[in-house]
Structure formats: C-alpha cells, structure tokens
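Below, chain A partners chain B and then partners chain C, in two separate complexes.
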Partner chain A sequence: MKKLSTFVNNANISRFRFYIQLLSFIVLIYGGYAYISIGQNLPTFACPYNHATAGNCFLISLQHQLHNSWQNLLGFRGIALLSAIISFLLFFILLNKAWCGYICPLGTIQDWLTSLRKRLGIRFARYEESTFRKLKKVKYVVLVWLIVAPLFIANSVFGLPRLSHDFFPPFCTICPARPVLPLFTGDTSQYFIDFSSPITLTMTALGLVIVALFLVGSFVKKRFFCLFCPMSALHYLFSRLAILRLTKEGEKCTKCGNCFRVCDVNIVEIADDVTHRNIVQDDCMMCFKCVEACPEDGCLKVSVLGLPIFVSSEEGFFHRYGPLENKEIKDA
Partner chain B sequence: MPDKPMVNDRYQRMQRTASIHLKMEAKNTLQKIVEEFPNNPAQMDHFYRKARIFTGEEKFSARGRHVVATMCIHVPIELILAAGAIPYRICSGAYATDQIGAEFLPAKSCPLVKATLGTIFLHLYQYDIVPDLIVNPTTCDQKKKLAELSGELTESPFYTLEVPPTRDSEDARIYWQRVVKRFARRLENLTGTKITRRKLKGAIRQVYRAQVQYRRFFNLRKGLPVIWGKDAILVTNTYFYSDIEEWTNALEKLNGELEQRIANTDRVVSPRAPRILLTGSPSIFPNMKVPILVEQLGGIVVAEEFCSSSRLLYDTVAVDEWFLYDMLPAVADRYLKPCTCPNFTPNTDRLRKLLDHVREFTIDGVIYQAFAGCQLYEMESRLIGNALEKNGIPMLYVETDYSPDDLGQISTRIEAFIESLKTRKKKKD
Partner chain C sequence: MKPKIEIGTILTLAIFLIIPSVKATELIWLSNMPPKAVKKEIRFYGMHRLPALRGKDHRIHIIQWIRSGRSPEFSEYVQRTNTGHPELFVFSPSEEPIHAQLLHTKLGYLLSFPDGEEGFYNAYLVEKFVHRDTLTVLVAKAERLSHSCRNGHKGVLKKVPPKIHPQVVPLEIVRKRLPGENFHTIITAGDRVTFQILLHGVPLSGASVRLCTQKGWSKQLTTSQNGEATFQLIQDYLSRWQDVKRRVFYHFLVTVDYLKPEEGTYQGKPYHTVRYLGTYSDIYRPSQLMYSSYVWGLFVILSVILIASLAIYLYRKRSKIEFREIAFDEKA
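Moving on to the complex of A and B:
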C-alpha cells in the first residue's frame, strides 16, 4: 500500500491527464458513432450541435427546461427540471471541477492550443491580478443570463414585455463549443450569420466573434475561455458537495508559490491562503498541477471521500522536476 | 589589488595583522568544533577541510572562471552558474574584519555588516581571490549603504540588486522579476556567456541536486540527534564558497553516514538533552559562539532558521514551461516568495515557519540570536517571542556580537536556560 501511494505521488499526473483528456475527447465527440449515450445532463461541454456527441451539456437542457411558463414550471415541467438538476449533480459530485480539467472537450482544445504555442516557443500572456479579479465575475453574469433569459422569453415578468424568442437559446448562440466542437466531425454548418432579425444578427455575429476570441485567446493565454465559462460558475456553487476534493494544510505551506506559478488559471489563493482547508476556487479546474509542484510532504492533497489518492511530496517534486541522479533519496 | 585606498604602510599593516587575526580566529574555532566534541561524523572531515580556507591551509582555484561575490540569500545562484561564473557569498563572521569595518561605520552597526565591509576593504576574501563583481541586494538598511561605502573605499565592482520591501503583492513580484532579468543581462556582459535555455535548465537542476541532499540532511535532524548543530551549521556555511557539485557529493556521503547512525541509534548526545532551535542573526563561521556554547552546556541544536542555513537552500524553483520566458521569473520567485528575511514586511511567514519547526523537530526551546545593531532581528524578536510564549515554547533572547567579550555573560544565561529546559523536560516525562 505504501509502495503504491509512493508510486502515485511520484507520478507525472499531467501526462496521465493528457491521456484521460484525449480519451474523453474521443468518447464525447465521436461516441455517437458507436451509439454511446452517456446522458442528457453532463456537467461538461458535450455539445449536441455536434451530431456524433455522446451526451448533452447540462447547460442546454437547463435552458430548455427553463423555457417554460410559470404554470408549467410549477407542474410536471418543474419535476423534469428538478430531475435534470439531480442528474447533473449526480454526475458532478463524482469528479467535482475535475470535469473541467480532465473531461471537458473545450478545455482539452485549449490545452492543445497551449501545447502548440509551447512547441513554437512563444511566451504566454498573463492577466494582472486586478484585471483577473474583474474578469472572473463575467462567468456569473453569463450564468445569470442563461438562467434568467429563458424565463423572460417564456413569461412576462412584472408586466414587462417578454424577451424576443430570437435570443433562444441564450447561451448556446454565443458559446464557442457550438461552432468549434462540430468541426471535429467535419461539420462547418455552425459558422453563419443569421440575418432574419436584428437580434439573431447580433447574437450570431457575436457568437462568431467569440469563436475567434476563443481561438486566439487560448493560444496566448492558458485556459482563456474558462475564466468566462458559466459551467465553471455553476460547478462552483455545488463544489462542496463533491466527493473529489483538493485540500491544503496551511501549516505545512512555506508560501514558496510553486503551485501558483504552474497554475493555468492564475489562482493566487492556492499559494497565499494558509487558513482554509478546502482550497478549490471558482476558477479551479482540478488539474492538480499545483499538487505536482508542491515540494512539501502532505501539504496539498487530492482525496475521494476523505481518502487521499494523490498527495504532494518532496520526493515526487524532485522526480518530476529534476531527473535524479541519486536514487538514494527514496530511502530518506 | 586595491587602488583607491591609500596603498600605504598603514593599509598594508592593517591587512597583514587582520589576516593573521583571521587565521588565528578560524583556527581556534575549528579547534573547538573538531576537537572539543566527541563523536563527530567521519564525513564531516570534508567540511572541516573546506573551512580551513580561512586559515590558509586550503586553496582554491577559479579555473579561469569569473567570480561573482554575493551577499544575503536573495541573489539567484542559478543565474550565476548558468552564466558560467562561480558564485560565492562573502557575508563574514570574522571578528578580525569586524574590527576593521568598525573604523568606517557608526558604533552601533551590525557586526556582520562591519565584518563584511572589513573583508571588502582589506580584500581578505576566502581563497584570496578577487571577485569580478560584488552583488549587493538592497535588503536591510546597513547592507544597502555597505555598497556605497565600499565603493568610496575601494574600487570593487558593485552591482545593486533591488530587492522589494514586501513579497506578497503582485507588484513586488513583477518588479523583482524585472530586476532579476536585468541581473541576468549584467552577468552575461560580465562573462561573455549567454544564459541560454539549456544552461539555465542545467543550473536549476544542479541546484536541485544540492537541494535534494540538503533537504535530506534537514529531515534527518528531525529524529535522533546524530549530528551536532555546530557541524550542521558548518555544512551550510561551506556552501557559501564551495563548488556546488563537490559540496553536494560531500553532503550525500555525510547523509549516508548519518542514516547509518540512525539505524544504529548512534547518538551524539543523550535523548534528555534539550533540543534547541536557533534563529535570528545568522551564525557564520568563524563566529560560532552561540551554537558551540549551547552544545557545550548540554543542549543540542537540531534546527536553525538562519539565512546561512535552511533559508538558503530549502525552497525550490518550479517552472511550468522550460523556456527562458518562464524560467527566469521562476528563479526570481524562488528567491522572493518563500524568503523569511526580516527585511520583508509583513513577515508572519517566519513565525509560521518557526512554529512548524517547533512541531517537526520536537523543539524544547528556542534561542533567538540577535547581533547588536542588527535592528531588524532585534525588532522582530518581540513579535516572535510573544507568539512563541502563547504557544508555550520558552525562548531565550541573546544579544551578542563577534567579540569574545560577552562570552562569560551569555554562557551564564544559556546555561540557566538549558537547565530550566531540562527540568521542564523531566517534568513532562
């Protein structure tokens, strides 16, 4: 048992993650060809605009379920909505935000763009902390928009006129997954501008601008889109229910900042917060690069139901960062 | 050789006498360290020999490479190595040069600064080599002014490394990363060697190997007392002026021997001896007054929180993308973020570190060494003392300097402290 845990703690989790991401990508994008259907309420971007998708993104079913009159929502439609949320939660609590770091195809594409940039030896961009703090709020705005807009389209609230149906689905029309993911099955039909009304024109044009931003942004900035992702915001609301956890023992932290240095999503709390045990922040995608970079034994810990499965260690750090000529450290 | 100071009879006389005094001082301290303690590890011989450069018995050759002298722990060693130069730290612990420096500095200055100034002024560097560059980080006020004063007195080529006064803010980090980048350019100009991706990676790995051994050594001391603290302090002291590979290999051997000792429960001192944590102004050879006294009087130093030991080598560089654009900031971060030097404010991390050491090393008491005139450590002692008291850990505050005058007085105090720790320990058992 001790040998196994040492083996895991010394392992290169980033490489492991690469293969898991590749596998998930293939399953989610091409699974439909093999009649795989994982579910309608996946807590990740499995986009149904891609005809071969192996499941549906929860955000699309959420928008559809909310696109109902109040009466319906208080009746059987409400039960359908509730069951959708429960099925989302059941998927979500298994992996917590690791859905972002390990499964999400859109995240994987961003990581591949990062690899491409690295290959070319081009340096990455970083936000200033103050900019980051402002930008990260955008995802909550988008989340509120995608929840409120369907209700406003279907109902008149406070006697206000209803929102135009042209906005529907309010998030999907601007989501980069809709045009990007079908590309992998050779489908370019999502690249269009809809001139039927000023609203569709604006939304579809905005959607195309966002795709362009997505591709350029994630090339220069690691996980560029995740900062604005409403799924990430939704995850965070339920993060504490999940069984997969990332915890930090502040006493063991020397604040060396290694974890923050390697963090793809700029989370400074991982290094500077020495009081909270649950260290998962809203932007965290649980890639566990921070655990890899931490040289303090047992300071950062990944656990399932309280059982540690991957723990930071001095030995692991040096294994990953500097090939050791001296193997004797194992005995120390 | 010095041009500016009057290379007159007086200067030469000072140089001659100080050099003789320094050698005597080093010889005396070494004699105490080596001969007055039983059961020194055989592998310590390498480090004893290294310390003999102060007595002139050990020689060193720069092998045609440039020598970059450093002060404090904020100077990125990796860059110096990557530029093909030899780093060596000139912070001095010698009373002989302390007296020389005193001539130019206010009476209430820190002995470490005085001694270092004396060293620079008289060119009494270890190895008798003349540094091609002296890197002076702007840490405490006295170190800051040291360069200006030395520049007035000698023609040594100084380089000011601008250390920010805080380290938690993003501004400080970015500022420091820029300073380090500029320093890299300066080193390239000096040696004519470009710091390439491969060279810097090699240097980072070289330091990793030293850190692997250092951390192993550090962790060993959490258990059975198998090595005296005075030896441990000497080990990290010799890192100042050793070839890094040679030092790493020697420490690896020492670690092997110590692990053997642990396996054989071959202690250097009885388990009843109070386990002491030393912190504050750094003990630098030949000023080993306090650690030697502690251990002669029945204690054992199992951990030090000094810039001459754990702070120097413990923390590591983490690079995300192994290109210069990420490696340089990574190296910079390693010298800023985890540094618990009191020149930074706030410095609560030092307290957290001490409390961690107290737990990890099962410390019985803390001895806080503050050099008279070392204002930052003197001021921080109150914060540290209060917090330790709250946690029920006795602390002795010792104000001292490099002169042997206060030996009697502090030995009485340390003795009383250790006796009280012994009684406490007995009661606990």
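Moving on to the complex of A and C:
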C-alpha cells in the first residue's frame, strides 16, 4: 500500500491530466457519433449546439427549466427543475471543481492554446492582484443573468414588461462554447450575425466578440475565460458538498510560493493562506499542479471522502522536477 | 347570325355544374393554425408550438382545426366534414393507438388527442363516400412533433424516422426526414422537402402532388417511380432583414389527388372509380439566410482578433523596459 501511495505521490499528475483531458474532449465532442449519452445536466461545457455532443451542459438545461411561468415553476416544472439540479449535483460531487481542470473541453482548448504559445516562445500575461479581484466578480454577474433572465422572459415581474424572447437562451447566445466546440466537428454554422431584431443583432455580435476575445485572451493568458465562467461560479456554490477535496496543512507550509507560481489561474491564497484547511477558491479548477509543485511532505493533499489519494512530498517534488540546481520551477 | 355566348350564361352554368361537385368533396385538412378570432385564447406547447388545451384529466391535449380548402391562409374553418362521421386514428410516437375525438367548442371544430410522450404524433382523419359513381377516399394527415427540451432528448434517433400505418390508412403522405433531422429541426424556406406517397403501403407513382405555402405560392408535381415528389420551399415574401419574422411559423399544405379505375360497392352504392385524396400540413420558418450574415460574423470576429492582438502587442511594446547598461567605476 505504501509503495502504491509513493508511486502516486511521485507521479507526474500533469501528464496524467493531459491524457484525461484528451480522452474527455474526444468523448464529449465526438461521443454522439458513437451514440454515447452521458447526461443532460453535466457540470461542464458539453454544448448541444455541437451535433455530436455526448451530453449537455447544465447551464442550458437550467436556462430552459427556468424559462417557465411562476405557476409552472411552483408545480410540475418546479419538480423537473429540482431533479435537474439534483442530477447536476450527483455528477458534481464526484469531481468537485476538477470538472473544470480535467473534463471541460473549453478549458482543454485554453490549455492547448497555452501550449501553442509556449512553443512559439511568446510571453504569458498575468493580471495584477487588484484587477484579478475585480474581474473575478464578473462570473457571478453572468450567473445571475442566466438565472434571472429566463424568469424575466417568461414572466412579468412587478408589472414590468417581460424581457424579449430574443434574449433566450441568455447565456448560450454569448457563450464561446457555442461557436467554438462545433468547429471540431466541422460545423461553422454558429458564426453569424442575426439582423432580425436589435436584440439578436447585439447578442450575436457580442457572442462573436467574446469568441474572438476568448481565442486571443486564452493565447496570452492561461485559462483566460475561466475567470468569467458562470459554471465555475456555480461549482463554487456547491463545492463544499463534493467528496473530492484539496486541503492544506498550514503549519507545514514554508510559503515558498511554488504553488502560486504554477497556478494557471493565479490564486494567491494557495500560498498565503495558512489558516484554512479547505483551500479551494472560486477560480480553482483543481488541476493539482500546486500539489505537484509543493516540496513539503503532506502540506497539500487531495482526498476523496477524507482518504488521501495524492499528497505533496519532498520525494515526489524532486522526482518530478529533479535537483533544483539543474532545473527551476517555471511559471510560464 | 351567330349565337351570342354571354359571360353571364357561362358563370351561371359554372355555378350550377362546378360548385355542387366541389361542395360534395371538400378537401379536408388538419391545421395547426387557430382562427384569428380565438388566437389569443390558445396556448401553444413545446418547441414546435403545438396548439394545446388542458383536458379535464389535467393532461395537455393537442388540438387541430378541421379546415377545408387548398390554401393554408384562406382555407375555411369548417363545422362539419364531408360525411359528418369521419374515422379518426392517432398514433403516439411509440406507435400506440391513442384515443382522439372531434369536438365542437367555442374555439372551433377540433380534433383533440392527449399528449404524453416526446416525438411525432400521427393523426389521421379518414372519410369514404360515394358520389357520382366515384368512391372518394379522403385522408387528412397531421404529423405533429411534441418536444420540449425540458423533457430531455432521449431516443431521438429512434423517434425521428417517419412511421406509416397502412393497416388503417389507405393513402399516406410521408415526409422524408431532412439530413440530420432531430427534435430541433424545423423546416426552413430553401429546404428541399421530399414527400413519398404510399397507397396501401406501396409507393404510388404518377400521382399528382401539390404544395401550397401560406402566402399562396404553389407547385404541382407528379410522383416518381418510387412515389416521391421533392419540393424546394421558397421564401414567399420579400422583406428587409429587420422585417423578417424569424420566430413565426408559416404553414404549408400538401395535397394528393389520384384516380384509380376500380369497381365495387360501398355501403350499398356501386362505384367505378376510386378517387384518393390526401392532405398533409406542416410548418416552416424563414430561412436563417434571410436575416443573418456569415460575412458580417467573420468580419466581426476577425476585426476583434486583429484589434485585440494589436492592442496586446502595443501594450507589451510600450511597457517593455529597455535594456540599459550601467557601468560603475569602482575606482572613482
């Protein structure tokens, strides 16, 4: 047993992650061709606009379920909404935010763009801390929009006129997954501007602007879109229910800063916070690069139902990075 | 002196000779379109906006109006069919026969059947009667897709292909499915739609098939060897991009007329010819190309990519700290 845990702790988790991401990408993007259907409420971007998708993203399901009159929501449709949320949670609690780090095809594409940038030798970008703090709130605004807008489209609130149906689905119309993921099955049909109304014109143009920013942003900034992703915000709301955990024993931390330097989403708390045990932040995607880069025995721990499955260790650190005089941890 | 043929005489003859025969065989069809007077009272269900009523059993009942005529726009909403006692057959998406009824309500004369399953419902109204030595067999068919994304998308591939019921319906108009058709597919102007005509389950060649769009455009074709006729639906009105009503469903009506020399008796009345009349109505939408532009989409996305890339390049160039060699004279 000790041998197995040493083997896992010394493993190159980034390489393991690369293969899992590749496999997930193939299954989610092309799985429909093999009649694979994983579910309608997946806690990751599995876009139904891609005709070969193997499942559906929960956000589209949520928007459809909320697009109902109050009367329906308090009746049968409310039960349907509840069952969709339960279905989402059942998937989510298994992997927690590792859905973002290991499964999300949009995240995988961003990681591939990062690899391309590295190969081209182009410098990466990083936000200043104050900018980061401001930008990370955007995902909650988007989450509120996608929850409230369908209700306002289907109902008149406080006697106000209903929102135009042209906004629907309010997030999918501006989500970069809608045009980007179908590209991998050769479908370019989502790259259009709809001129039929001022709202559709604005929303489709905004959607394409976001796609362009997604491509450029992800190229220069690691996991650029994840900072604005409403799915990430939704995950964080339920993160404490999950069985997969990332924990830190603060007393073992020497604040060397390795974990922060390797973090793709620049979470400073991972290095600074020595008081909290659960260190999963709203932007964390549970890629476990921080555990890999931590040289302190048992400081960072990945556990399932309290059982450690991957633990930081000095041995593992040197096994992966080699003697420090030969190699440095690079954050690019 | 040549005898004068007056227009009035011709009209009088026409009224006496033609109108009774038309009245005798009204071309009945099943329509999704409510009369204008009651349109606001109708509730529409699902993605394909099926007119529906809540039954006494609290279930949703799909309703179809009985209409007579050849044009979807101008056909009459009738209160009685040719015989007054037609046979009704409705099959669920899983091909189970379901109970349907004809109702005289304040909304009009309706065919009503309960909805309870996702997929295509096949509804038939069949009438047989002998008139002037001819047995008329009239089959009005409606193929209605009941789908709401909230109910999921299970078994789409199995439920999409058309189903036929030659055991109860002598003449069948089968709409061949579009490539890649699923529950979200809506026929649009510009699509090539193929109809196969089956007589007792066998393809019928040489039958006259006519398609009439809502605005009155019509085209007549004769079925090929395998009983097929293909129409390309046209956008039968022109407008500016902004004026295209992209969410409006337009209706089209397909009619089949086929005469077959055949002797026999029906309800004690002898006949020498059988006239098969079939009707089939469906919905279509304006083509997306009428109100959207891929060129503008490409322009927007490329412009943003260029501008964003240039902005990043200039920002980086501006914030680059020039290398300056500072030499210290240690002796000074």
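Basically, the second predicted complex is superposed on the first by the 322 of 332 C-alpha atoms of A that agree within 3 Å, B and C clash if a C-alpha of one lies under 4 Å from a C-alpha of the other, contacts with A are read in each partner's own complex, and residues count from 1 in each chain.
Definition applied: contacts are C-beta pairs under 8 Å (C-beta built on N, C-alpha and C of every residue); 3 or more make two chains touch, one makes a residue touch a chain.
Note that the coordinates shown come from a computational prediction; the quantities given were computed from them, not determined experimentally.
Of the two partner chains placed by superposition, only chain C is touched by A:Asp194; chain B is not.
Look at A:Arg123: by the touch rule set out above, it reaches both chain B and chain C. Of the two partner chains placed by superposition, only chain B is touched by A:Pro295; chain C is not. Within the superposed three-chain model, A:Glu251 lies in touch with chain B and out of touch with chain C [touch as defined at top]. Looking at chain A, you'll find residues 123 touch chain B in one structure and chain C in the other. The residues of chain A lying in touch with chain B in their complex are 118, 121, 123-124, 128-129, 251-259, 261-262, 268, 271-272, 274, 289, 293, 295, 314, 317-318, 321-326, 328-329, 331-332.
Considering their complex, residues 35, 37, 40, 51, 56, 60-61, 64-65, 68, 77, 80, 123, 125, 165, 188, 191-197, 200, 204-205, 208-209, 211-213, 215-217, 220 of chain A touch chain C. The residues of chain C lying in touch with chain A in their complex are 149-154, 157, 180, 182, 241-242, 244-247, 288, 291-294, 296-298, 300-305, 308-309, 312, 316.
Chain B contributes residues 168, 170, 204-205, 208-209, 211-213, 215-216, 219-220, 252, 255-256, 259, 314-321, 323, 325-326, 329-330, 333-334, 337-338, 349, 352-353, 355-356, 359 to its touches with chain A in the complex.
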